[in-house]
Amino acid sequence: MMMIKVVLNFKTYAEATGKAALELSRICEEAKDQYDVEMVVVPQTADIHLISENVSIPVYAQHVDGVGFGGYTGSITAASIKAAGARGALINHSERRLKLAEIEASLSACRAEGLSTIVCTNNIATTGAAAALKPDYVAVEPPELIGSGIPVSKADPEVISGSVEAVKKIEPEVGVLCGAGISRGEDLKAALELGSVGVLLASGIIKAEDQKKALEELLSGIRG
Amino acid sequence: MMMIKVVLNFKTYAEATGKAALELSRICEEAKDQYDVEMVVVPQTADIHLISENVSIPVYAQHVDGVGFGGYTGSITAASIKAAGARGALINHSERRLKLAEIEASLSACRAEGLSTIVCTNNIATTGAAAALKPDYVAVEPPELIGSGIPVSKADPEVISGSVEAVKKIEPEVGVLCGAGISRGEDLKAALELGSVGVLLASGIIKAEDQKKALEELLSGIRG
Amino acid sequence: MMMIKVVLNFKTYAEATGKAALELSRICEEAKDQYDVEMVVVPQTADIHLISENVSIPVYAQHVDGVGFGGYTGSITAASIKAAGARGALINHSERRLKLAEIEASLSACRAEGLSTIVCTNNIATTGAAAALKPDYVAVEPPELIGSGIPVSKADPEVISGSVEAVKKIEPEVGVLCGAGISRGEDLKAALELGSVGVLLASGIIKAEDQKKALEELLSGIRG
Amino acid sequence: MMMIKVVLNFKTYAEATGKAALELSRICEEAKDQYDVEMVVVPQTADIHLISENVSIPVYAQHVDGVGFGGYTGSITAASIKAAGARGALINHSERRLKLAEIEASLSACRAEGLSTIVCTNNIATTGAAAALKPDYVAVEPPELIGSGIPVSKADPEVISGSVEAVKKIEPEVGVLCGAGISRGEDLKAALELGSVGVLLASGIIKAEDQKKALEELLSGIRG
C-alpha cells in the first residue's frame, strides 16, 4: 500500500516564516515519526535552506518557474531550490497560477533536477489537463474553499471523485491529492475514501492555536 | 563623499547558483576590502540564507512581491528575505517587471522591514515615475543593452544623464545607478561621470572566464 | 474655465454590452447636451465601432496595450481602437493593471495616434508616479471603494486632495479625475471641490434601475 | 469528409488593421468561394464589428478572457465579441498565453455563447493537456517557428503527428490544426497528410506582397 502523503503549505503566514517555519517543520517531523505518513513541508523559498539543513522530512518549494540557467532575474529555478535542499515543488497553486506552457516547462525543469511535482488545479477539467502533463501528483482545490475551514470532502465531494476518475482515464500513474478546507481527522479520512492518496493542508494547521495538536488531531484520522 | 555602490546581480546563471553563488560572493567580499566601494551581491532567493550566513557584505534579493503575511503561496515576501539575511532588494528588474501598484506595495513592504530598495527602470520617463515612489535607488537599464556587452555609458549616455536630471527634479534624495552592458573599469568611470552613484552588474562579471579578475579590472576604474 | 470631464466606464456589465452599450451611450449623449460637461463613454473594445458610428460624444477604450503593429495576437493596439473610432483610452485600470514599462509604452502608443489618455492609480504615491509619465489625466481610485457605493470623496477625501497636490508638484499640466463609489450629485460636487477636474463613474450609473435618471441626478450636482 | 479549416490570424499587423483588415477579409471571402475550404478570419477585437457586418465568412476573436459580466474593465468577454458578430475565438495564442484555469474559464464562456474555440499550444504535452479541456480545435505551433517562414510540417513533423496521436488518446473529438511557418500549398498539403484537419496562418499571407495571390497559392495545395 502506498503511504499517505500529507503536504503542509506554509504560504506566507507569519506563523510559518523564518524561525517559526523551522519550528513548525520540526513539529511535522515529529508527527511523521508517530503516524505512518509521508509528511512534506512547503515553506517560502527563502526558508528552504534553513529548514532542509535542520529536518529530515522532505522540503518542497511553493513555486518553480519554467526557466533554467540564464538571464531570468527574480525567477525561482529548479536548480536553485534543489541546491538549497528541496526535494519537490508545488506548481500552479491557486495563489500563484501559471500559464499552461509555463506549467509544462516547470515540470520539465523539475524532472531534470529529480524533483517531485504536485500541480494544483481548481476543478475536474483542469485536473484532467494537468494529469496529461504527467506530474507526480495533482492537488485539486476549489478556490472558493481555500482557507474557508469548509472541507472540500464535505462541501464538494464530486470534485474529488470526479478528479480521481478523470486522472484514471488520462494518466493513471498520477496521484490525486485533496486540498481546500481540510483541517480535521474526519476530513482526511473522507478525502482518502473518495480516492485521493493524500492531502494538501495550510491555514487549518498553521493558524491553529496549537499547531502540533491540530496536526496530530488531523493525522489521527488515518487510524480512525 | 558617498561611497560608490557596486551591485552584482547573479540572475539565474549556473556560475552563480548554489555553491558557485557562495564562492562568487566571497570574491566580492574580498574585492570590497581592496577597493573603497559598497559591494552588494544579489543571488537567487533560495541562495540568500547560505550566502548571508557566510559573507559580511550586504545580500539583496532579486525580487520582492508587494504582499505581506497571509495566503500568498509562491510569493517572495520582504519578511522572508529579511529572515534569511537579506538587507535589500531589486524591484522591477527588466526580467521581472511589476505592475505600478505592485512596485509601490513592494517598496512599502521593504521599508516596513528596513530593507534597502533599488527600482529598475528602462528609460528616462519610467525613471522619473519610479523616483516619485521614493526608493533608495533607481537603476536605469535600457533592455536592449542588458547582457549585450555594450556599455550603456557609451551606447546611450543621454539615458543616464537624463535619468539623473529627471530624478533631481522629482525626488533628489534618490540615487541613480547605471546598468546594462557595464563590464570594464572605463564603463564604470564613465557612468560615474554622467552623474550615477554606482552600477548594476551581471553577465559581464558572472560569465567572465575569471570572475575575480573581471571584477577587479572593473573596480580599478574607480581609481582611474 | 475648463469643462468638467465625466467619464463612464461600461466595464463588462450586461447592462452596457452590445446593443445595451449603444443605448447607454445615447443616454450619455443626451445628458451631455443638457449639462455643460465633457461626457465620455468607455465601452468594451468590441463595442467601440458600433458606438462611435452612432453617437457624437467621445468614445474611449478601457485598455490599450503598449505594443504596435506586428506579432502581438490578442493585444489591443492604439491603432486599432483609433480605426474603430475611439478618441482616447483608460490605461492601468485597477481591474487591468499594467507594468510600469507597459504604462509608459501604452501612453507613447496613444500619443502617436493622437488619443487622449487617462491613467488610473490606486493611491497618492502611484498618482505621483503616473503623473511623471505625462498622461492627459490621472484617475485616482482606492480599489477597496470601487463598486462599493461609498464615494471616495467622503470615505477618503485626503486621497484626492493629496493626489491633486502630488500632481501639481510633479507635472501640473496633468488633470486629476476622481473615481470609486461616485454616484450622486453631491459626490461629484465634493470631488470637484477637492481639486479634481472630473469623475470616473461605473456601477453607480450602469447598475442603476434607471440609468438616465441616475446620470441626470449625478450631473445636477454641477449646478448645485 | 470534414471540410478543411483555414484560419488566418491578422495579429496586429498594419496590413490587417482597420480598413486593411476589411479588404483582407474580402479577399478571404472570395478565396473561400473558389476553394472547398472553411475560411476563418481573425482580426483584432476592435475590427470584429466592421468585418462581420461586411463579410459572410466566420470572424473569430484573437483572444477571449475567462470572465463574464461584471467588474472586469479591459477584458474581452465572449458576450461582447458575440454581440459584435464573432463566431469563435483563438484562446492561448503563443503571443497571448493564458493560465491553465483561465483557458478553462475562457472555453466555458465561449461555449455558453455558442462560440467555436481553438486553443493554441506549443508542443505535444500541452496539446494533450489542452485537448483534455475539450475545445473544438487545438492548434499546435512551436513558438520558435512562428513568423519564421519555416513550415512546422517540414521542420518538426513529429510535433504534428505526435499531437494528433495525443489528442486521439485523450479526446478524439478535438480537431488538430497545424500552425507556424505555413505559407505555401505544399506546406498545407504536408500538414493534412500528418493528420491535421486544417491550418493556422498569419505572416506568410498577411506580409506577402500580394495577399490574394499568396492565399490562392496556398489553397491550391488542397487540390494538389
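Just so it is clear, A, B, C and D label the chains in written order, and each chain counts residues from 1 on its own.
By definition in this document, a residue touches a chain if its C-beta (ideal position, glycine included) is under 8 Å from a C-beta of that chain, and two chains touch if they have at least 3 such contacts.
None of these values were measured; they are calculated from a predicted model.
Ranked by how far their CA centres sit from the centre of chain C, the chains are topped by A. The two sequence copies chain A and chain D touch through a face in which the numbers common to both exceed half of the numbers used overall.
Chain A and chain B have CA centres that are 34 Å apart. Separation between the centroids of chain A and chain D, computed from CA atoms only, is 37 Å.
Work out the mean CA point of chain A and of chain C, and you get 42 Å between them. Chain contacts: chain D has residues 94 touching two or more partner chains. Against chain C, in their complex, chain D makes its touches with residues 9, 11-14, 17-19, 44-50, 61-63, 67-77, 79-84, 86, 90, 93-96, 146-147, 202-203.
The touching residues of chain B, when paired with chain C in their complex, are 92, 94, 97-104, 121-123, 125-126, 128-134, 166, 170.
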